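Scroll down for the structure; my scribbles are underneath it.
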Amino acid sequence: MKSIDNRPQWKKKLYEIIYEADTPMGKIFDIVLLVLIVFSVALVMLESITHLHVKYYWEFFIAEWVITIFFTIEYIARIVVIKRPKSYIFSFYGIVDLLSTVPSYLGFFMGGKNLFFAIRALRLLRVFRVLKITRYVGESNKLMIALQKSKAKILVFLFAVFIICIITGTLMHLIEGKAGGFTNIPISIYWCIVTLTTVGFGDIAPITPLGRLLASLLMIVGYGIIAVPTGIVGAEYSKATDESIADNTQVCPHCNEDQHLADAEFCHNCGNKLNE
Amino acid sequence: MKSIDNRPQWKKKLYEIIYEADTPMGKIFDIVLLVLIVFSVALVMLESITHLHVKYYWEFFIAEWVITIFFTIEYIARIVVIKRPKSYIFSFYGIVDLLSTVPSYLGFFMGGKNLFFAIRALRLLRVFRVLKITRYVGESNKLMIALQKSKAKILVFLFAVFIICIITGTLMHLIEGKAGGFTNIPISIYWCIVTLTTVGFGDIAPITPLGRLLASLLMIVGYGIIAVPTGIVGAEYSKATDESIADNTQVCPHCNEDQHLADAEFCHNCGNKLNE
Amino acid sequence: MKSIDNRPQWKKKLYEIIYEADTPMGKIFDIVLLVLIVFSVALVMLESITHLHVKYYWEFFIAEWVITIFFTIEYIARIVVIKRPKSYIFSFYGIVDLLSTVPSYLGFFMGGKNLFFAIRALRLLRVFRVLKITRYVGESNKLMIALQKSKAKILVFLFAVFIICIITGTLMHLIEGKAGGFTNIPISIYWCIVTLTTVGFGDIAPITPLGRLLASLLMIVGYGIIAVPTGIVGAEYSKATDESIADNTQVCPHCNEDQHLADAEFCHNCGNKLNE
Amino acid sequence: MKSIDNRPQWKKKLYEIIYEADTPMGKIFDIVLLVLIVFSVALVMLESITHLHVKYYWEFFIAEWVITIFFTIEYIARIVVIKRPKSYIFSFYGIVDLLSTVPSYLGFFMGGKNLFFAIRALRLLRVFRVLKITRYVGESNKLMIALQKSKAKILVFLFAVFIICIITGTLMHLIEGKAGGFTNIPISIYWCIVTLTTVGFGDIAPITPLGRLLASLLMIVGYGIIAVPTGIVGAEYSKATDESIADNTQVCPHCNEDQHLADAEFCHNCGNKLNE
């Protein structure tokens, strides 16, 4: 970071506007960008509704290109004004920014617009950058810690769920056969996941007494094991919170007691002042 | 409150009956009002059942107007007897009380009765006033504290859910197309919400193998993340309860600080001994 | 209990067999009764299956009457051998025992067998008596304490759920109308409960864009508030367990420290022996 | 273990490769086996898809027999190289290994291939052996402790759920009759389980107002009691974690007791000072 910054003045200024949000111009830029991102995602959604697409074909076409050109200019500007362009281009946001513009061009030159639809919706990921969710970062950090600590347990749990689904799926295929919709084992496993997660679409459902008995067992098991990840994450989150409280606290210089309330000024154990 | 109360005696008496519940008359008024509110909401519900509406047209008509007139008189009385009418009229309950009467008049004079149906059901909100749920206030306070402390985390969580739904919804629209009911992206997003929340109506369901694979992933993710808000609220509620337990323990005789650890011997605020 | 027991010897002996389970005969009686109860409930279930009912009409008829007569004799015996018959007749189990026999007689003499079906299934409640679930009583006590302490909170919560359902139900009726199956407000409220509890049958489902938007909101709210009762019961149960551990413990006679592990023999605070 | 190992050298070497994973050859063997197991399970699944089965009949046939022969050789090798073959043959994995080969032979000689489908899918259980999931063992142990401690409570809970389902199922059969699909009591009980676990397929759904009212009650109860097992497992898991934390603290230098409260200064077992 101590390398000499030999960018011209206008690049530095533009850098402040585009990458930072401390100046009034930077804030305005962020808000305009946020509006355009949300607008462009809404456009993708509305365009997928056939009768709107037919009726407002040209309006969609123009709006799409206005946004694409703005995003293209923004992408080029981001590369130009930054000190080390490579660090931006190959970063997560650099790729997301590129994917916000390329699909439109590909769709225009190559025709198969539908194929690039999904990628266009990725524009929404750009929201994260603009939001710079400072207020909630602390919160999501704690959530992340809880999830990370629960990761190994949740993997063990998911593996168990997966094996239950394969075995029950095979059994259901044998019991129900093709009548109830359990045409083959992959479909039966899909049904097991739908049932075990308590979603229950009902497009496939057992009709034989034995199949219904097995389904009942599966559902009760599913009901029982929904408790497991909930309990795990809850306990881990509870600990993550406790630890972050413990981090904030103090150790008494007189008796070395280290459990104090956040706003304690005197040690509750020996009565001496903390932080002398 | 120190302004001279120059309302005539009958206003003061009526005020006690209508607004308070300490006198026998006040209690009777409250009970009558409670019965009428529940009755009027039941009326709205029953009126929506076509064959009952046709059969008992006049009974509904009369009952509706009796209640409307009673509520109108009550509303006027509430304005007349109170010291500062404006503080009532623009309060939450003042507006709810007004909305309990106006729709009937509008429906009578303007015809389009259906439009005012929903607003009439708002009468149920009036129940809260009458109940004066003193017994459960402490409970709901703790719940409110837990929910309020969890607010930021739940917002982060809901935002993540929303983005998962938009991306998966777009993918499902591309994979399934119009055959499975995924006609456009908003409908696909609606389906994602239905699936992720484990509701699973089944009016829309994937039928292609790839669509079912993606749906399985979505369901397992949904099953996993149901743990997150549960764990959060549980932990926060647990803490809210613990803190209120801490309230019960000791009060420092020197500085009246009342937040101490369970095994504290000295006040953490002023350093003096507790329980001398 | 100090009243003179002037029952003849055979009554005392029969009392031991029927009401107690300490003697070998008492145990055999209990097992026979348990088998008959489960058998009679299974009978009620199988009888409801039409083709079995037609095919094995006489087998069902005979089995039903054998069980009814056994239960009748048992009921009379229970009254005869007990010291104070009234305390049995009007107890919970006395009424359940009576309801195990009466429906068969009523069905035989009055015809309308179907009407007494449900009451016959109540025989299953008798299982509780025979099981004398001593091993699990401690467990269910803790569960009961947790549920009882959560009662007020859960009531507040259910009341909130109920009001959400009434208001959303009314709105859905107005938005969707009769096309989507939201024929009247009670049915719409039923749909709201089905949706909010994440059951989601799919027999009624919104089809208009606005209705689906409102349904999405309702589902996300439902997903969020499922956390509330879970968190409450979890926290209360956790406390109930802690307290019951605290109940088991001791207070040091030397330093009055009252937080000891369940198997502590010496005070962890001053090193003196507990329970001298 | 102190018996003289008189197996020839090649048996010892093969034993290391097949049963252990420390040598490079042992690792390669494990990976090949893992791939074959996953491949063979995938084969069972794909074979169940009719059009694939017809199209690639011979490919499936050959792949199936290659795997079966490999597993047969492996099974025989496992018996030959081990010191005490009986301890392997009658162990859990010995039986699973046998069941991985026998169904193919039975299907070939006896025809009824379908009947042995489910058993072939059991091959997946072999994955557990290969994985030797050392990393996650600690995690799953804690989960097991939590589940084991919750067992009694969950049984009480499931028994209560079962009785609710029988009684509500009987009532729903009486109320709804055959129109709504509640053809007989076992089907109604199946519907109750589907509803109470919030799966809600929708193939059976109440249509009468009274039936819908009862269903609403059942769903709200189900929503309420989903909290119970979640809370239980969460609390037990939380305790299991806490206790394992307690393990980390101190060990008494006098009596080696290792269960102490976090702030203990004297051993609660022998009364001597900790940490002298």
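By written order: A, B, C and D. Residues from 1 in each chain.
One rule holds for everything that comes next: a residue touches a chain if its C-beta (ideal position, glycine included) is under 8 Å from a C-beta of that chain, and two chains touch if they have at least 3 such contacts.
These numbers come from a predicted model, not from an experiment.
Look at the CA centroids: the one farthest from the centroid of chain D belongs to B. When the contact pairs of A-D are set against those of A-C, B-D or C-D, over half line up by residue number only for C-D. Centre-to-centre, using mean CA coordinates, chain A is 29 Å away from chain B. Centre-to-centre spacing of chain A and chain C amounts to 42 Å, using the average Cα coordinate of each chain.
The centroid of the Cα atoms in chain B and the matching centroid in chain C are 30 Å apart.
Counting partner chains per residue, chain D shows two or more touched chains at residues 186, 198-202, 226, 230-232, 234-235, 238, 263.
Taken together, the touching pairs cover every possible pairing of the chains.
Within the complex formed with chain C, the residues of chain A that make contact are 198-202, 230-231, 234.
Contacts from chain A toward chain D in the complex involve residues 152-153, 155-157, 163, 166-167, 170-171, 173-174, 183-186, 189, 195, 198-202, 205, 209, 212-213, 215-216, 219-220, 222-224, 226-228, 230-232, 234-235, 238-239. Residues of chain D touching chain A in their complex: 41, 44-46, 48-50, 114-115, 117-118, 121-122, 124-125, 133, 135-136, 139-140, 142-143, 146-147, 154, 158, 161, 186-187, 190, 193-194, 196-203, 226, 229-230, 232-238, 241.
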